[in-house]
Amino acid sequence: MCRWIAYRGESIALEQYVTAPAHSLVVQSLKALESTASTNGDGFGLGWYAEHDEPGLYREVRPAWSDENLRHLCRHIRSRLFFAHVRASTGTPITRPNCHPFAYGRWMFMHNGQVGDWSLIRRKVEAMIPDGFYGARIGTTDSEAVFLAILGAGADADPAGATGRTLTMLADMVKASGTTQPLRFTSALTDGRDLYAFRYANSTVANSLYYRESKDNILVVSEPLDGERDFWKPVPTNTMLVARAGAKAKLVPFLQEQQVAAE
Amino acid sequence: MCRWIAYRGESIALEQYVTAPAHSLVVQSLKALESTASTNGDGFGLGWYAEHDEPGLYREVRPAWSDENLRHLCRHIRSRLFFAHVRASTGTPITRPNCHPFAYGRWMFMHNGQVGDWSLIRRKVEAMIPDGFYGARIGTTDSEAVFLAILGAGADADPAGATGRTLTMLADMVKASGTTQPLRFTSALTDGRDLYAFRYANSTVANSLYYRESKDNILVVSEPLDGERDFWKPVPTNTMLVARAGAKAKLVPFLQEQQVAAE
Amino acid sequence: MCRWIAYRGESIALEQYVTAPAHSLVVQSLKALESTASTNGDGFGLGWYAEHDEPGLYREVRPAWSDENLRHLCRHIRSRLFFAHVRASTGTPITRPNCHPFAYGRWMFMHNGQVGDWSLIRRKVEAMIPDGFYGARIGTTDSEAVFLAILGAGADADPAGATGRTLTMLADMVKASGTTQPLRFTSALTDGRDLYAFRYANSTVANSLYYRESKDNILVVSEPLDGERDFWKPVPTNTMLVARAGAKAKLVPFLQEQQVAAE
Amino acid sequence: MCRWIAYRGESIALEQYVTAPAHSLVVQSLKALESTASTNGDGFGLGWYAEHDEPGLYREVRPAWSDENLRHLCRHIRSRLFFAHVRASTGTPITRPNCHPFAYGRWMFMHNGQVGDWSLIRRKVEAMIPDGFYGARIGTTDSEAVFLAILGAGADADPAGATGRTLTMLADMVKASGTTQPLRFTSALTDGRDLYAFRYANSTVANSLYYRESKDNILVVSEPLDGERDFWKPVPTNTMLVARAGAKAKLVPFLQEQQVAAE
């Protein structure tokens, strides 16, 4: 399991949430509280939108907690929409292309979870990626493959629908593979304008997800960044949070029927 | 283009060829003479056999010329059969799993060349890897895919034949893809006992390959390690060098008919 | 020898000079033209001023030419004053703290050159660093030591004078050490507002330095970034370029008397 | 605090203690039990003696738990005397030269502890290093400085005495600096033949140290490698363990009088 944060709102320095809080993402890289992996030291990444349509990325294989570059970048880069992620690998190698977030054109994605037994369905998931997006597969993670599959499923026209269709197919694949390992998908997706976050599992336990909103600013996190638990609202299991630019966040059921059908 | 050396013979310290010679592989990492890329600074790797059937590997993304670990390992590790490789990437990321050599069980492989326009045939080449070997694909290079395809084509029973069949298929794929980029395959393969080296191209220019033999020791290199050019014999284009354990090296035609047919 | 660029002027994306030109600094990392070391692959660094008094830093041990993070940062970060540096080590280890530029408070510095035989005078140079600055010595290079010595010599009040006094002492130390190796100092220094560049040697050959000016923008470089040689003016040997904020650059003799005395 | 192991005995594969045990050093890198820092992910190192007088070194900035090179080396390298160390930095940068063990000629050293407030006494400790050894200071840690000071104090002639004299001076420096931070020194030193381990503190709590002996084989560890606590004997505080080649280990009081005097 990994930890991540996603922010959309007025332009702020990344340090405000990545490094400054008492239980910041960088603190979580060394000691997470709501993760099965307390240490998330298998690389990390930042992705942010500034003046270009496509995001900037900084990804590194070293742990976040000791990376002086990360502290500098978080202090000196401002953004109105950014992702940050600390990784606990579930088996794929510790390389920069395997670090989150992933970007393609104006799209960006990051993930915390697992896709059943990856070794059993890897080829099937990779086959979901259309040729036009396959050149962008520069790593070997399940997460990158799922991202490219979502794009291939039509994220440009309908991000939520493309994600839902992809997850439905993934759930079927996982089930058909005969594994007892779950499909857990706690992810964030954006086109540089609107922010979508998903908390889904094909079993009863989904990976944690919280959010905090003030005015038009929204912050979505794997676990609260401080002890003021009242300010952090959990995203319910099998729910999508939609935070369109300039609008309040909405919670929308996500694949709940399928979930019921699976039980 | 990359540079590599392969050794099979009495047990020696790796430094004897990797770091000590005037134009050692480490010197070539900074300044190669017979390569289109004079700098081979995109990572490197060592693979060696000691007391186990499977080889040890040391692969790193930094340039070989400044890696103090590499100097230590070459000085302190002895082997009767080892590969060393310095990389000049043709586009795939600089990650450890993308560095040569590649190992699977007792098999080891490294490559200098290119497989046409990789973006055009990548999926086809990956599809050549049988399921049983696909879990070993931990990187994204053409070279690793070709290695696993060779293993899947039956290297255990017939290494030369499996390599030949795979290359024939590759040549067909490259041709069918419509690219003008060549298939160049200057590679080394071993099962920990016998050494096979290949110098092949589907066009008139194959990447350079030389060897030097004394008693039962054989050294195969991308380019000579010193100025004594008389001691280094070129491997002819479209030729396989076979150095079985305890026997003299032999040069054998490799896909020469196919080559003629292609012209 | 290393290669570097320094820019001060209107706010621009770093890519404009670090990655975009035909002979950009990143191109120079792989193939420099006016350097004894054609390859500058021993790490690199960026330093830039944005909204804070102190600069942001990104320093990495890998070669600049293959660093995807560097390309992202140069595309997405804008600055009115930045340094970029690609390193060819003269012997000290390839570590991030040994990569240029160096920063202390609002000050930033980078260097191309050598300080005689560093092994002979290292302790003496380190002794020039006042206690108050010694805690900032996190690496082992001569360059970092000289920077901290310059700060300790009173850069806050008189940057040019502090640098001159420090270099005079260095020249004496190098001479007294009995080495035949030169003192070469082609450096850039800034307080986040004014830019100082130095081209100095205690022998007849100083490392190359050029500049190009348009309106209030100035770019100082180790070697021209393109083939339009007429636009690039060489900084004469033993000369300081002073580019105060909002003013035209001036060339000022630097330690020329001392140089004459030394001959 | 860091974690380490030291072995001297018959030649074994490093994996036997570094990676194989239930609570191996690599496991401790992710989750140590008797350390204030449960995560020791700030780099690691191996040092081993084979056929040369001086040891081989492999040091890396990434965490030990995910380093595939480390697993390979531990499986394929055998040694009769080796050190392994996982680091939790107390403030100095995460660089290879700052990773333990440190080597100089045939000597090797590693450390777990701290030297009071390093910022207060750094220059004094560095001044203890004789000129002849100062060129070997390629990092910035307190540990490397102490090692070179011990060598300078005459380790060649009298390792235990040189260490004792150095520690006495360090204890005086720490005391004179006025800090409340302790001097804690739990270290291993060897000349490639005999093994010395120290457990010392100038206050009542010394960092943990255990050993296990069978025939002529001795293993000294920061914390037991498995749950069989009966087999692991603690080294008492302010005690030196001496394991000369071919002899049983002896426990000898180390600076106990000084300790009493300090209380």
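Note that the chains are named A, B, C and D in the order they appear, and that numbering of residues resets to 1 at the start of each chain.
The rule is short, and it goes like this: a contact is a pair of C-beta atoms (placed from the backbone, for glycine too) under 8 Å apart; a residue touches a chain by one contact, two chains touch by 3 or more.
None of these values were measured; they are calculated from a predicted model.
Participant: Please state, in steps, how far chain C lies from chain A along the shortest route of touching chains.
Facilitator: Contact-graph shortest path, chain A to chain C, evaluates to 1.
Participant: Where the contacts of chain B and chain C overlap, which chains show up?
Facilitator: The shared contacts of chain B and chain C, listed by label, come to A, D.
Participant: Report which of B-D and A-B is connected by more C-beta pairs in contact.
Facilitator: If we tally the contacting C-beta pairs, B-D comes out ahead.
Participant: Rotation angle for the CA superposition of chain A on chain D, to the nearest 5°?
Facilitator: The two chains, chain A and chain D, differ by a rotation of 180 degrees.
Participant: Which whole number of Å gives the spacing of the CA centres of chain A and chain B?
Facilitator: Using C-alpha averages as centres, the distance is 38 Å.
Participant: Would you pick out the residues of chain A that each touch at least 2 other chains?
Facilitator: Within chain A, residues 68, 93, 96 contact more than one other chain.
Participant: Sort out for me which residues of chain B touch chain A in the complex.
Facilitator: Interface residues on the chain B side: 92-93, 95-97, 119, 122-123, 131, 134-135, 137-140.
Participant: What residues on chain A touch chain C, complex-wise?
Facilitator: 48, 50-52, 55-60, 68-69, 72-73, 75-78, 96
Participant: Contact residues on chain A for chain D in the complex?
Facilitator: By the definition above, chain A touches chain D via 30-31, 39, 41-42, 61-63, 65-66, 68, 89, 93-94.
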